[in-house]
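Comments concern the structure below.
We just call them A, B, C, D, E, F, G and H in the order they show up, numbering each chain from 1.
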Amino acid sequence: MSEEFVLDTMRAERVGFGEAVYCASKTVSQIAAILQAAASPMLLTRLDPAAHEALPASLRATLDYDPQSRTAFSGAPKPVEATSGIAIVTAGTSDLAVAAEAARSLRFNGHDVPVIADVGVAGLWRLMRRLEELRRMRVLIVAAGMDAALPSVIGGLVPGAIIAVPTSVGYGVAAGGQAALNAILASCAPGIVTVNIDNGYGAACAALRIINMR
Amino acid sequence: MSEEFVLDTMRAERVGFGEAVYCASKTVSQIAAILQAAASPMLLTRLDPAAHEALPASLRATLDYDPQSRTAFSGAPKPVEATSGIAIVTAGTSDLAVAAEAARSLRFNGHDVPVIADVGVAGLWRLMRRLEELRRMRVLIVAAGMDAALPSVIGGLVPGAIIAVPTSVGYGVAAGGQAALNAILASCAPGIVTVNIDNGYGAACAALRIINMR
Amino acid sequence: MSEEFVLDTMRAERVGFGEAVYCASKTVSQIAAILQAAASPMLLTRLDPAAHEALPASLRATLDYDPQSRTAFSGAPKPVEATSGIAIVTAGTSDLAVAAEAARSLRFNGHDVPVIADVGVAGLWRLMRRLEELRRMRVLIVAAGMDAALPSVIGGLVPGAIIAVPTSVGYGVAAGGQAALNAILASCAPGIVTVNIDNGYGAACAALRIINMR
Amino acid sequence: MSEEFVLDTMRAERVGFGEAVYCASKTVSQIAAILQAAASPMLLTRLDPAAHEALPASLRATLDYDPQSRTAFSGAPKPVEATSGIAIVTAGTSDLAVAAEAARSLRFNGHDVPVIADVGVAGLWRLMRRLEELRRMRVLIVAAGMDAALPSVIGGLVPGAIIAVPTSVGYGVAAGGQAALNAILASCAPGIVTVNIDNGYGAACAALRIINMR
Amino acid sequence: MSEEFVLDTMRAERVGFGEAVYCASKTVSQIAAILQAAASPMLLTRLDPAAHEALPASLRATLDYDPQSRTAFSGAPKPVEATSGIAIVTAGTSDLAVAAEAARSLRFNGHDVPVIADVGVAGLWRLMRRLEELRRMRVLIVAAGMDAALPSVIGGLVPGAIIAVPTSVGYGVAAGGQAALNAILASCAPGIVTVNIDNGYGAACAALRIINMR
Amino acid sequence: MSEEFVLDTMRAERVGFGEAVYCASKTVSQIAAILQAAASPMLLTRLDPAAHEALPASLRATLDYDPQSRTAFSGAPKPVEATSGIAIVTAGTSDLAVAAEAARSLRFNGHDVPVIADVGVAGLWRLMRRLEELRRMRVLIVAAGMDAALPSVIGGLVPGAIIAVPTSVGYGVAAGGQAALNAILASCAPGIVTVNIDNGYGAACAALRIINMR
Amino acid sequence: MSEEFVLDTMRAERVGFGEAVYCASKTVSQIAAILQAAASPMLLTRLDPAAHEALPASLRATLDYDPQSRTAFSGAPKPVEATSGIAIVTAGTSDLAVAAEAARSLRFNGHDVPVIADVGVAGLWRLMRRLEELRRMRVLIVAAGMDAALPSVIGGLVPGAIIAVPTSVGYGVAAGGQAALNAILASCAPGIVTVNIDNGYGAACAALRIINMR
Amino acid sequence: MSEEFVLDTMRAERVGFGEAVYCASKTVSQIAAILQAAASPMLLTRLDPAAHEALPASLRATLDYDPQSRTAFSGAPKPVEATSGIAIVTAGTSDLAVAAEAARSLRFNGHDVPVIADVGVAGLWRLMRRLEELRRMRVLIVAAGMDAALPSVIGGLVPGAIIAVPTSVGYGVAAGGQAALNAILASCAPGIVTVNIDNGYGAACAALRIINMR
């Protein structure tokens, strides 16, 4: 069975940002073949350090790789726009990897956004001292695991769009992130939207859809 | 098959409060037979209005029935103690039935406790204006459905025991209360305990265990 | 236990739209009490026809009630803005009730938006003939049940924000909408966001958050 | 406890194709014993590279092993028939391993079928340019993970039998393939059938049942 | 919100059989409007007796309605073809409603097929005495609930295509049909395919896809 | 579609007790037809009072019906054997309906067994005072809902066979009986076996299998 | 925290067989300490080869260890009784490890029982040729994974007690054994009982309870 | 993306005990950075031996690490108070790691509490001989996995607060601890509260909340 890769080359024209390569379920040789076939800059997600290390050195040299977010830039990212009105918020240190995936995906598409970390509701004062900053944003990406109470609290306090990203942080009933996801979907604060568990890339794309059409 | 009811008559001696009759899965004639067999005051829970109405009028006349909480007192409740240090908190109006079950169960056992309603986190100021009151309590019973973010926020703000009661309020992923239960179990605020969904009676008993042994 | 209703009167100042009353788990007398306490116009959701009918006639006369969406306006909605850039799309006729909840929630907040119905992917030509219209929108609310393939297909074709609303339409594994929800969360098209099952109101609020901050 | 292997030697006579050996939960020595006991050609599935490597070299030399599909042929496959009218379609590169299991299972039974890869609905043009080819097929095996929207879209466009194979590609709610499976079962396109997650072998057998009885 | 129905009028040309109307989540007035808009014969499914009774008498008079299967023919079904090679098999009496939905859907499309009932594996002789008949069929639709062991046993005995339909018959872990569905998907007999729980209509469509392309 | 009922007339010869009719998912006319077709005495299960009432009066007159257990005897039960060594135990009053189904199923097959009710572990003394009786039994059928701790405690105290029947008594996480079932399956006491939730009939059959082969 | 082991030394007197040590969640040093504290022969279960290897050589020398079943005998097993009337049946080769755990547990308690392997229903003749042997048994332990159809088929053919053991063999919806467990619980054949997934030890204990009280 | 750690430095003032560092989802460098930033003594939880070993030796030297509980003290714990009235109870040896997490968390906060191990209900006498001791306690932390019957039995025998901790001990339906959790939530004994699976730390905090406010 010969393998054929059909890149969705016109995606940027249709939806405003290009196709990214989800590496988690691809073999190293498939990733290498896609990189060699690509003509324009390309974002790689879920490229774990071992897979990155296993790529041919010549290809690896062309990548801007970030292990925390497991993302790589193949080719130059878009130049940074002035202010985007997007910020990323995390409940705890453990959510930073997901936040980093969102931040890098936005950076690849020309947005350099602040990350406001460690403002989980168990210590509410940490959130309150950043509130004015959050209220000025057009889009907040809020990464939270366990009970994911943070998006609900923010949702009652700010007027901008809130894209909550449930994270798989936690154990027991929180393991895997389903409890966080359900808490977000059931939020008592109105107008919060969500994406798949740990999907920092998807949250970034949703932010781009909002920002691009203003 | 003849039916035999074996009341756990010595429970109050062993655990500090008497047996209650859970009416939800009993027939009306079973409930009536238990009432007739009981020698001492008895609390009935989950007695829905239709079952209450179907009881013989003579038995019904002996009951102090409250439809919101679906509880009945058979015989006199304990006299009210001075201050118990227990309060009940609800996220929304929809959680009041569960709160009422807890309040009535406590009243039957001699505690008249305040219910602080409608302090859900979507409007955080409603909670903050009651904070000093909450911080003085030894035990807070917190009823919340949907995302159940309220116990987590309270958990970061007060020193007393927090018994969260997930409620079945909500729809979609919140239907039945499992999302609320899991959010509470996964709470980012430490030391919150919980009971079964909608189990206002159980929360009251847990509060009694804490208070009785001081 | 006396009941106290604490309306979140300042929500519009904080988040851009006022508190709505979720009627599904409230008693008729609780709904009536809230309506009597409200000073400003208010949106009611999940007010089913039987509950509406059970309200006191004097209160009912003040409501603009729509049975399909189970929404009521208490007081005058906001005047309609010119063009909002929002549209609502449905996969099938069965999704219209959810679409109607979104449409009425937007109308209450000043947006009169088109509903593009019956464009499910089993007959792809129905979607394709509306594509240019969809591509011009800033926000698409897409209601779909069963396999919810529609948001994924639209996601690959348009640049605007896509708020998918899984609906509880279907039976077997589709019953209750969890299959639709998971399909949306797992969408192969990037940047789609979602809300709770059947949550037309939440989708409308999310659209307002996007539109209000432009 | 002595081990006894009872091969279902007459299966081909009864159902049209022979027994295959599912290796995933067998020990290497059990697999070796079965191979030594087999009199006729036999297909092995889920033989992962480590187990293959651990087989005695003499046995390994008799196998035609393919690591991508984790299948091995013990003995000669059936000669290839002219045209079978079967094709295999995949949504993405990540589904190729499952597609390969189906393709190899068909090849062992005498069918050399085309694999049409990377036609997922996020870039609909990739599917449309292959449509005429797909419409001519008697049986399409469609492997798709995540939201598995591809079988639904194909189901509205072609007249042949469609055997969808949900794959375990994805993370979060998609992890393990249950979301893909449920989306396929709930498909809005009529007459799509499915098999267990990642069951390329089962899909091939189902295609054989359809083709053999024409 | 005005309602628009967009019938998929060309479906028969594309996939070989026309669109059916799934009535379960439609209002009576929606069903009536669709019937009035339809130009050609149309199959209605999940039309429960109460909804049928609520249709305007003039419309009802035009329908051939069958309460067991909850199907109706609007307009004339296709004339019956000679032999189709399809048969329907049920494990028990309780599965007959699902079998009837399949049988009526096939009849509407020109196939009059035998129903072989009550051959569940708890009394294996009932199946064995029908075996020769079953082995001659090109397609077997097998409806079974509870443990759904019947498709597995048939799968080891016959060469034709087997479309298993899990039914929601049963209680406890069998309630709703998920146990039956999973047993079928996990079948130890190869090449069995399945559809959604209780989806007799879908099984019929799948059979049509197989038969139409011979 | 004509209906055909194929009674498994030889079951008693093969397995030691005759076929029973599970009425829950059958129509009244199907039940009536089966009763008319039956030549020998027959046990009916899950015949709820409304279905019983809807049977033709002539048929109903031939039945020995018990509403608590929802069982009916059509024809004479077997004469009672001397001592069977079987007893039925329940945790609470709410489990009595399930116990009654087991007791009646055993009675139909010639065993008149004691029911020891209300010995749940919350009042352990109630169990302890019956312990010697329980220790003499060959088979104990133990019906328990909620946490189903009773079978585990009995399992550590008696030497006979223990068939635990999880019941659907309870609410929240206990609703439907899955929590009770899982607790029984995970029992820390060795050698406890179980059947489906609320399956008193199945427990009785299992007891017959044990007793019949002594 | 000092560790204290409280062996249940009188269990054999109470229930007929001694306490076994479940090693899976114990550390090697805990297992060693228990072995050193034990005065009488003891069965160890779930002792995987790595843990066995890590035990002190002096202790290891005292054990009769079997890697397939992961069981060890510490001290002499009971002498073998004449005929026990127990047999173990497996659907496939993959179920042999679970069967072995049951066989070794029975052997430790004095019963040497036959294992009838590879009689899964996909090749029904394999079961039929052993039927007379199976019909003579007092207790059958039937290990089956995937769809677990085997116990249902046997249940309709033999009069003895049937203890089905669902195994975790399989993938996709079968992974972990829950599909097999539910199929067994929902069995259409009456009187089948079950134990936890992969619980060969528990099935053996249940067989002992049945045999010991004859 | 620069990382910022915002310790909740005032937590002890608000809730009575300081913030702990949950290490499971943090990188070694994040843990090291937090330790270096901390000014006051700090408890670390879920620090597995490999992560502990990977810390810089200089930091590691400052820690009091306990591998069984996976906890570390950074800085001096509080001096031990006289009697706390707290005890920890475990059903089996396998629950000791969770018990140890609770014991160490309490020790860090000044309470040296007894651990009463191996009193599971399968050998009830082990519990009974410790009953008087248990009845004197103000708070019992009860760690139990599998069916978690122990908290229910204790709940019927003692008057103090009972914080049950479900553990992930077990396999099959018990794997991961959900069966234990649900059994505890559904307990037939009133007033038992619970925390997340394996959450020994949370149980300790809950005990502190109860003790601190006396």
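In the analysis below, a residue touches a chain if its C-beta (ideal position, glycine included) is under 8 Å from a C-beta of that chain, and two chains touch if they have at least 3 such contacts.
Keep in mind it's a predicted model, so treat the numbers as computed, not measured.
Asks: Which contact partners do chain E and chain H have in common?
Replies: Shared contacts of chain E and chain H: F, G.
Asks: Any chains in contact with both chain E and chain G?
Replies: Neighbours common to chain E and chain G are D, F.
Asks: Same or different: at the chain G/chain H interface, is the fraction of residue numbers used by both copies above or below half?
Replies: Both copies touch with mostly different residues.
Asks: Roughly how many whole angstrom separate the Cα centroids of chain A and chain H?
Replies: 34
Asks: At what distance in angstrom does the C-alpha mean of chain H lie from that of chain F?
Replies: Between these chains, centre-to-centre, one finds 42 Å.
Asks: Any idea how many Å lie between the Cα centroids of chain D and chain H?
Replies: Averaging C-alpha atoms per chain gives centres 48 Å apart.
Asks: Please output the residue numbers of chain D that touch at least 2 other chains, ranges allowed.
Replies: 8, 11, 122-123, 155-157, 170, 172-174, 178, 181, 185-186, 190, 196-197, 199
Asks: So which chains end up touching which?
Replies: A-B, A-C, A-D, A-H, B-C, B-F, B-H, C-D, C-E, D-E, D-G, E-F, E-G, F-G, F-H, G-H
Asks: Considering only the defined contacts, which chain E positions touch chain C in the complex?
Replies: Contacts found on chain E: 1, 3-6, 8, 10-11, 19, 22, 24-26, 30, 34, 46, 166, 168, 176-178, 181, 196-199.
Asks: Which stretch or stretches of chain C touch chain D in the complex?
Replies: 91-92, 120-124, 146-149, 152-153, 155-157, 170, 172-174, 178-190
Asks: Would you mind writing out the residues of chain E in touch with chain F in their complex?
Replies: Result: residues 68-69, 93-94, 96, 99-100, 103, 115, 117-119, 122-123, 125-126, 145, 169-175 of chain E touch chain F.
Asks: Considering the complex alone, what residue numbers of chain F touch chain G?
Replies: Residues of chain F touching chain G: 8, 11, 14-17, 20, 85, 138, 155-163, 181, 185-186, 189-197, 201-202, 204-206, 208-210, 212-214.
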